[in-house]
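Below are two complexes that have chain A in common, paired first with chain B and then with chain C.
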Partner chain A sequence: MASIVFEQVTKSFDRTAIIRDLDLTIEDGKFTVLVGPSGCGKTTLLRMIAGIGPQTSGRVLIDGKDVSRVAPGQRGVAMVFQNYAIYPTMSVRENIEFGLKNNKVPKEERKRLVESIGETVGLSGLLDRKPSALSGGQRQRVALARAMVKKPSVFLMDEPLSNLDAKLRVQMRVELIELHKKLGTTFVYVTHDQTEAMSMADTIVLMNEGVIQQMSSPAEMYHRPANRFAAEFIGLPPMNIAELGPDGVQLGFRPESAALSEEPLDHHLCIRGVIATREMLGSETIYQVRTDKQAYMVRSAEDRFEVDRPVYVGVPAEKLHFFGADGRRIDERSSDVRWYLEAARGLVYA
Partner chain B sequence: MKTMDLRYAKLTLSAVLKAVVLMIFVFPFLWMVSTSLQTLQETTTVPPTFVPAVPQWNNFVHAMQAGPFLTYARNSVVVTAAILVIQFVVMIPAAYAFAKYRFAGHRLLFGLVLLAFMIPGQVTFIPVYLMLADWGWIDTLLPQIVPFLANAFGIFLLRQYFMQIPEELVESARLDNASEFKIIWKLMTPMSRPALATIALFSFVSHWNEYFWPLIMTNSNSVRPLTLGIAMLRETEGITNWHIVMAGNVVLVIPILIAYAFCSKWIVKAFVYSGIK
Partner chain C sequence: MRNHALWEKLRPYVMIAPAMAGIVLFVVYPVLYLVRLSFYKYNLMNKAKSKFIGWDNYRKLFGNDDFYKSLVNTVWYTVGVVALTMILSLLIALWLRRSSRWNALVQAGIFTPHIVSIVSIALLWLWMMEPSHGLLNYVLQSLGLPTSTWLQSSKTALVSVIIVSVWHGIGYYALILVAALQSIPPSIYEAAALDNAGRFKLFFRITLPLISPQLFFVLVIMTIGSFKVFDTVQVMTDGGPNQATSTIVYYIFRYRSTNIGYSSATGVVLMLVVGALTFLYFRLLSRKLHYQ
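Up next is the complex of A and B:
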């Protein structure tokens, strides 16, 4: 178990800084998910922890120890790669054993460890197979077993589920949560999928263009996004954003916070529009409501509106978010919020 | 019906073409084997004999007894084996470094490797000969081995192959606390067997069949390879003993055929290789 600290870390590729003066503390024993669009620097952070893509400047500390000059194999970390990186010429057993052999673990103990891990991840009967004879899900398990067998203090995972089919992905998500609970080790997980981040994380670190946008629990990030980027990245469909006034303030509401009706609604915000598209997903329906200015997404448990029907979209005051011209969240306790709420009421006639 | 006819015609044509190409390649071998079993008289008759009246197995005995055949064979084996082993020791780490490391001057150095394999050997023969003569190496096995220890073509081919191996595998091995030597030995080499087999075969054939270089580098039979020994079978008393020469050549070719039979599976893999999934 170990905490990870980044101190004033900069990483450049060919003199272009991808990450600049970043400070971040990843708590001991927590399941931390680094999430963001591709190219945001999340994998770069992970590789710095592993030591396979060291920082250009600054310090990385694992368990309080500066590991900047420690070789990847000596850091006490294990990593699961997106494409699993299983050694194709070695059997499953040899794959799992490779790290132990390099760490000079005696043969008897190796055998015992490999077999017990094989059982844990459900590979018992497959230990002597070559990776080419395994399915995607089984390869994934080999990669996990290979990481687990070393008993690392930090688990690093780089989009480990992205090559699995949707059903298996959901199953593995649950298994990873259970694994984390069982091991109690620090997990650092990289993904671009906000659903994965929301469902698995104790703490989400949301990144964009090498800068941390918000670091908080999934609930906090969903209910109180720190800025427009967070508001639009987390949530599916993303938060609706609309211009509010001349000072660049914007208003936002989640598709699931809005109600739809054929009659004008008594909600704080009430917008009139026409249903442009309708996606029936079974348990819910997602509508796109178009006004003369823009379109809003609305998620509804009911499926009773047809395309081209005029409707009203209503949102209660407590479900409204406000963002300043700089994109940052305007705190609901701020004195300006009352003024913005009034302005939002005015949108009825817009 | 017409389309069926057309299909058969196409198939027949393709079979005939294949047979022609096959004959072009196989004929010289058959001719060599046939001549090696003929009498001197049969080799000179017109029209030429293809199937000898009585196979002259004695030709092989003659070929081997005409000179210090075992010495020649030993020299060929020592020279070729030494070249192959040392080439691999030099080539694998070099290719790995060029494929997976970004060190200062790597482009320049790789350029030099390419240059080495682009310059025709003839250009360097004389300066290398003079240098080795200066060192007193003429008439030893060393000049037949040392100039060939680095295989520029092999480094190039193997580098390309290594570059196709995903970076994550190397990184994963580093996280598994494997040394660079272990990564090369346990990971890169087993994954590159097809390329290594191809390089080994090409190198083996070219050095086993080397003629010109040993010819100018040797003065005595004790350091001559098989190729020179067989060439010397040709002239006795002004007549060319084609049947004996060909018997020697059959012996010379056998190891190559064995090597090819052993490597062909891997060579095909090396050329149809389309990435590791």
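Up next is the complex of A and C:
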């Protein structure tokens, strides 16, 4: 059990600062997901916690203790790597045991621990196999077992599911959520996949270009994105963004907030366009509606609209988001929103 | 129809025939011919006077003290060269594993002896090892260290030849091991760091097993090569002093014109020894290797 605190942390590679003066607190016992596009610095943050890519300046505290000078193996953290980083020359048992041996855990206890962890992750019959004789999913479990057996106070995971096929990934996602619930330890999970972030996180830390864009619960991030970047990164398809007026204010709405109709709608915002593409996904259909200015994505339960047919897209006022010229969210309680709502109405038949 | 089926059967053999012809002509035939020669008292001047003498050459060989001396020299030479080269090139490889411009430069420097002819190198060292005027003794003396007789005494001659061979080969083998070390994913070391592995454990449980295939390759190739050492001996010592550096191949060379049958018998024995040793290596070590 431990919280993690970054204080004024900077990390540079070859004199290029990837992360500059970053402050962040990761709460004890929470499942925190660091998410963002590749190169945003999320893995760099994770490696700083682990101590395998220490910060250039600033402090990292685990459980209130400055670990800047503590070796990775002494920090009480365990990590699951993207490529699993299993020791290829050791058997599954030796892989899981290696950390325990280094920490001078007695033989009897080691045996007991390895076997019980093997049971937990479903590797019981495979303990004496070499990693080369395992499937991708099984290797993933070895990596997980190797981390779990050390009973760390912090679990670090660097895109652990990205090498699995889609089905296994969804299954492992559920297992990780259950694991977190069972262990109750701090999980820090890095991914570039917003679906993974949304489905597993207690707290999402959204990053871009080394800067934290928003840190909040998945629901908050979805319903009240702090800026345009958050609005467009979270959600699939991303939020539709349209220019609103000369002062650079932009309007946004989620594809699932919009209604489609062949007749004009009396929603607050109503846009006429033509269906350009149609993706039928089973329970829902995603349409791309093109106006003469731009295209909007609309997610609908109905699949009756056909390509090249004119349609109306309607969005209720409470589902509209506004972003200032700097990209930041304009709070719906702000007095200016009334004006923007008026302006949005002006977009009718645009 | 039957013709067609026949062709289908023959085709693979016809396809590999040219390559097989080459192997038979240049590998199988010379080896068999060597074996055949070893059973003859061969007359180079007049082929008609050659005669089959059965195991005589072998009997003579195994009754000759000089042969044993050469064999023992060769074994010591091999042990010395293989052990020293492997340890030193591994240490150098560990030192050069991080790829940087400086390391690349050093690596190129260490590799350079490999592209120089061994004859030139042997001559150079011969000159440096000259006891009274050579560079090595001069340096030792100015450092206040005891000097050596190098190639001129039967006590130090073999060691001197070993030094030259090690110096010559080290760059090449270090290069192979550097490549092996660099192919180990860094995340393995990061995982080991998180597993609290000490330097000693890291080396013996992670690094060494991961480069074991390359180490094994170096071991086999160097053992075979060292057993066949000739050029350094020929240039530097002529097998002397007092046969202290005479090796098996040098022994073969000595009888090349006087008794080619005897020479061939020695060659066959060398072939069997090297073959047996390689077989032994594979039997003893192959289970300890970790191919990925």
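Criterion: the second predicted complex is superposed on the first by the 349 of 350 C-alpha atoms of A that agree within 3 Å, B and C clash if a C-alpha of one lies under 4 Å from a C-alpha of the other, contacts with A are read in each partner's own complex, and residues count from 1 in each chain.
Just so it is clear, contacts are C-beta pairs under 8 Å (C-beta built on N, C-alpha and C of every residue); 3 or more make two chains touch, one makes a residue touch a chain.
Note that this is a predicted model, so its numbers are computed, not measured.
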item: Superposed partners chain B and chain C on chain A - clash or fit; value: clash
item: Partner chain(s) touched by A:324 [first = chain B, second = chain C, both, neither]; value: neither
item: Partner chain in contact with A:237 - chain B first, chain C second, else both or neither; value: neither
item: Partner chain in contact with A:39 - chain B first, chain C second, else both or neither; value: neither
item: Chain B versus chain C as contact partner of A:71, first or second or both or neither; value: both
item: Common interface residues of chain A - those touching chain B in one complex and chain C in the other; value: 50-52, 71-74, 77-79, 81-83, 85, 87-90, 98-99, 102-103, 146, 150
item: In the complex, chain A residues that touch chain B; value: 50-52, 71-74, 77-79, 81-83, 85, 87-90, 98-99, 102-103, 146, 150
item: Chain C partner contacts - residues on chain A that touch it in the complex; value: 50-52, 71-74, 77-79, 81-83, 85-90, 98-99, 102-103, 132, 146, 150
item: Chain A contact footprint on chain C (complex, rising order); value: 185, 187-188, 190-198, 201, 205-206, 209-210, 212, 290, 292
item: Contact footprint of chain A on chain B as seen in their complex; value: 166, 168-169, 171-179, 182, 186-187, 190-191, 276
